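Here subunit A shows up in two complexes: once beside subunit B, once beside subunit C.
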Partner chain A sequence: MNNSVIVQGVSKQYGSKKQPVVALSDISLDIATGELFGLIGPDGAGKTSLFRILTTLLLADKGSATVAGYDVVKEYKAVRKIVGYMPGKFSLYQDLTVEENLHFFATIFHASVADNYHLIKDIYEQIAPFKDRRAGKLSGGMKQKLALCCALIHEPKVLFLDEPTTGVDAVSRNEFWDMLQLLKKKGITIIVSTPYMDEASRCDRVALIQNGRILQVNTPEAIISGFTQPLYAVKAPGMLSLLKQLHNTPGVLAAYPFGEYHHAVMQPGVSLPFLGKDAEVKAVTPNIEDCFIQLMQHHA
Partner chain B sequence: MKQFLSFVKKEFLHILRDKRTLFILLGMPIVQIIIFGFALTNEVKNEGIAVLDLAKDQSSGELIRQMDASRYFELRAYLQNEQQIEKTFLKGQIKLAVVIPPGFDHQLRHTNKAQLQLIADASDPNLANTMVNYAGSIVQQFQSTIFPQQQAAYQIQTELRMLYNPQLKGAYNFVPGVMAMVLLLVCTMMTAITIVKEKESGTMEIMLVSPLVPFSITLAKAVPYLLLSIVNIISILLLSVYVLDVPIRGSVLLLIGMSILFTMVSLSLGLLISARSSSQQTAMFISLVGMFLPTVMFSGFMFPIENMPKPLQVISNIVPAKWYYIIVKSVMIKGVGFNAIWKEALILAGMCTFFLAMAIRNFKIRLA
Partner chain C sequence: MRTLRFLLQKEFRQIFRDPSILRIIFMMPIIQLIILPMAADYEMKNINLVVTDHDHSVYSRQLINKITASGYFKLAAVNNSYQQSLRDIEADKADLVLEIPVAFEKKLIRENTAGTFIAVNAINGTKGNLGAAYIRTIIQDYNQEIRSKLLPFSGMPPQPQIAITYANWFNPQMNYKFFMVPGILVLLLTMVGANLTAINIVREKEIGTIEQINVTPIRKHHFILGKLIPFWILGLIVMTLGFVVARVVYGISPAGSFLSIYAFAAVYLLAVLGLGLLVSTYSNTQQQAMLVSFFIMMIFVLMGGLYTSISSMPEWAQWITKLNPVSYFIDVMRMVVLKGSSMKDILPQFFTITGFAFVLNGWAVWNYRKRA
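Let's look at the complex of A and B:
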């Protein structure tokens, strides 16, 4: 089985028939075994719905999906034995200690902490000093690490991480991605969702999802190389009015805030007469966020 | 099995670490038994009476003294004329008035026939009846004290014997009912919130994505609460015997065994509620309000089921507390053995199986 996760034409709606809310429409994906796959999109794009369908928690309205060769509807029991799932909301037992949580999740999967300790060693060592602390009293970053340990302790074939880095500081986020790289080396297929576009570059392949549709699936490098138009960073006093002026200038194809600059997609030689002396304009190489912003504006 | 035990252990930790809830679970039955045990009673005790004594002779004085001395009545007023009778009733001071006509003593001794009027406040018909009966028996007693050797020519003397509860104590009737009610409410509530709590906190989401099956989740949830309930059963029985003065005439072990069976019915009912509801508030509301009324109405300790219209009598059969109430009354008060209550026990066992099966069936294996 080369493809670990296969999604074919999956659609999902919520709400009443009169006022349906489309969560997913006609999603298809192939994720290879051992891949670190990112699902990137803003809040409400449908990431969690897709994760819940793949982890057998929700039924799709249309389409089918398999995880490690098992159908997520007909063979849901088999799927539940071989996946690890970390929901977006911290969902461990807050009144149990770190160690108790870990042992509980090991035994319900008929596994033991001792047998699979090698999988979580690098992560667990960081929270081991707090092993007698209740999970509810841990800091955000430590909660994530514990949740990851609990999702890993039964040696899953496929690991689903739903927004694992949301609400975690930048340093911890970086560490978290380093840990995922280590896990990938152990042969576990990892599917991560995130609203942070900069994290896309840490994945093997990413899918950009918006309003329940997949806009593009590719390697981060290929996505960046698909950005062919010239890109400039513009900075001037009064950034808000600057953005309005950029939008109104003919020849500027797109303009959006980007950190302390505005990024503008425009042909070379477009005149920006409103810029004063203290303004700054420079050509920049696009990164993955520029690609996503352009894709999303294109489809909006 | 290891998986199951680990789950049970986890449930125990939840219960033991939430000290406040544990305190409520163990304390609530005690408080309820005491409150309901004393409050829910239809015994006549020290009811206010008034006397309009128009005779004012030796016999009337003795009769009034005897009435006042009984524990059922308390003399609150001596009336002067008939107009005062209703006034005193309206003031709410008295529930019964005794009118003794002029020449009471004379008539009694010379014509062997005297009259006496009892006026009772029948706004509560049961109370009025009971009071009149008690007053009648006091008059009877009074008669036999003043004419001990008198024998009428033809007289049928009825000799009453109240079996199992010779003093007609209300507690004998109410305590089994209160036991049924308290056990049902507490046990149902305990398990009603336990599954739905995991749905709310999100832990259900990861628990579902695991090899755990509804059968073991549901059973594992019930085990710790069953043990907790046994503590409650024992404290309820101790209170009933030592505080409410209700004896256990039958086998204590049989009573505890039957109580555990009833507890299991309640716990399964709670699990069913928990599996069906989506929030802790709903589960709590259903298990408190939804269980309280049918239990009070149909278990038979407040309103006799035999007097209800046929359809309500049929409905009462599905109320578990009714069967437990019958069992407790039989074992505790009458002192019978298992062969007298096996039918009720079988019904409870059937209900337990049914509720548990429904709880497992209704367990949602997916979200939404």
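Let's look at the complex of A and C:
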């Protein structure tokens, strides 16, 4: 089996018939076995809905999907046995200890912690000193590690992580992605959703999703190489007026704040005119965020 | 089986780690069983009586003495005018006004009849009704006394009379505590069963753990059993505690067998737990669950036959009580505890409650869907 997750024409609407809220419209995806796949999009793009459909928690209105060859509707029981799901909201038992949570989730999958300890060893060792502490009393980063352990303890074939890095500090985010790389080496297909575009570069392939539609699916490198226009980073004492000035400058396709700089995308062959003696201007190579911003503005 | 065992282990761990649940489970029955039956007295005492005596005769004084000596009435005032007495009712100083007309004694002796007038303050309906009934009985009694006193002089043959003596079966002293305590016990069991189950399951929804459970291959019936069994056991523990309190504080021990009570309670709890489960499947937050079960509980309690007798309700209301599991258990409790009824006597209620258990749980399971 080459493709671990196949999604074909999945649509989902919420709300009443008169005022439907479209969560997903005609989504199709192929995710290969052993891939670390990123689903990237702003809040409300439909990431969680797609995850809930793939983890058999939600029924799609239209379309079909298979996970590891099992249909998520007809063979939902089989799917539940082989997926690991870590919801966006911490949802372990806060009044059970770290160890009890782990054992509980192992047992309901008819697995044992000892058998699959090799999978979680690297992660669990970091929280092991607190194994008798109640899950509710853990810090955010540790809760997340515990949740990952609990999602892994039954040796899933496919791991769904819904916004695992939301609300986590930058260092822990980095650590978390390192952990995912390790898990990937163990042959688990990992699908991660995130609103942070900078995390896309750590995935094998990413799908950019907005308003329930997939804008692009590609490797991060290919997405970046698709960005051909010249790009400048600009900084000046008055950043707000600078942005206005950029918007009014002929030849500027797009300008947006980017960290301590503004990024200005130029028409091909056009370079940025003089902006004033205080302005610091440098040509930069685009990164994945620039590509996403461009894609989103295209489709907005 | 292994899954179920671990679910139960987890459930009990959580219950015993939550001090507020434990407090509710163990303090509630003790406090309610001690306070409620002591306070909720059915007998009306201290009815405030205001007398307007226009006669001031020996007979009128005797009548007043007899009324106040009964112990039910407190002579709040003796007024000279009916208007004054009415003002006492308005000021809520009087529950009952007895007016004895002028020449009460004379008429009674000469004409053999005399009237009195009773005015009742109906703001507190029960008090007024019972007060009026008590005072009527006392006056009739007094009437009998006068007759037997006067008869020998009248030269007429003695009139036939029906004498009434009472026997209070199953509760010889008519001790209201004997029927209140078992009834309150039923309410406690219902609250533990329905409320705690509903809130417990909804809490999993609220925190999101149910999501995590739903993606596991856990079976629906395992999950539900894992929720019901702990509260089923807790319910039986609460009942046992209740019986201990009943025995120690009120000296009530069932005339019938504990076996039939526990057998009935076991099935009853299933029905009530099913109700809790049902409420939880329709609510998404603990607040919703609380409100819904509070609403149901109010109806169950007030229409359960504990505070007002079901047979005195209008017919449509009696039909509603047939859908109220509480009324069946209160019935059974009283039958077994007071009357000593055996398993055979409570079979009809037993079957009805079994029906409730099946319908409520079936409905709940049907409505508990793993996915939206």
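Methods note: the second predicted complex is superposed on the first by the 292 of 300 C-alpha atoms of A that agree within 3 Å, B and C clash if a C-alpha of one lies under 4 Å from a C-alpha of the other, contacts with A are read in each partner's own complex, and residues count from 1 in each chain.
Just so we're on the same page, contacts are C-beta pairs under 8 Å (C-beta built on N, C-alpha and C of every residue); 3 or more make two chains touch, one makes a residue touch a chain.
Just so you know, these numbers come straight off a predicted model, no measurement behind them.
**Student:** Do subunit B and subunit C fit side by side on subunit A in the superposed arrangement, or is it a clash?
**Tutor:** Aligned on subunit A, subunit C clashes with subunit B.
**Student:** Looking at the overlay, what does A:59 touch: subunit B (first), subunit C (second), both, or neither?
**Tutor:** After superposing on A, A:59 lies in contact with both subunit B and subunit C.
**Student:** Figure out whether A:109 sits in contact with subunit B (first) or subunit C (second), or with both, or with neither.
**Tutor:** It touches subunit B and subunit C both.
**Student:** Taking the superposition on A as described, I'd like to know which of subunit B and subunit C A:36 touches: first, second, both or neither.
**Tutor:** neither
**Student:** For A:81, decide between first (touching subunit B), second (touching subunit C), both and neither.
**Tutor:** both
**Student:** Should A:100 be classified as contacting the first partner (subunit B), the second (subunit C), both, or neither?
**Tutor:** Both partners, subunit B and subunit C.
**Student:** Subunit A residues touched by both subunit B and subunit C?
**Tutor:** Residues common to the subunit A contacts of subunit C and of subunit B are 55-59, 76-77, 80-81, 83, 85, 87, 89-96, 100, 104-105, 107-110, 150, listed in rising order.
**Student:** In the complex formed with subunit C, which residues of subunit A make contact?
**Tutor:** So the residues of subunit A in touch with subunit C come to 55-59, 76-77, 80-81, 83, 85, 87, 89-96, 100, 104-105, 107-110, 134, 150.
**Student:** For the complex, which residues does subunit C have touching subunit A?
**Tutor:** 2-3, 6-7, 10, 13-14, 17-18, 207-209, 211-218, 370-372
**Student:** State the interface residues of subunit A toward subunit B in the complex, per the touch definition above.
**Tutor:** 52, 55-59, 76-77, 80-81, 83, 85-87, 89-96, 100, 103-105, 107-110, 150-151
**Student:** Please give the residue numbers of subunit B that touch subunit A in the complex, ascending.
**Tutor:** 2-3, 6-7, 10, 13-14, 17-18, 201-203, 205-212, 365-368
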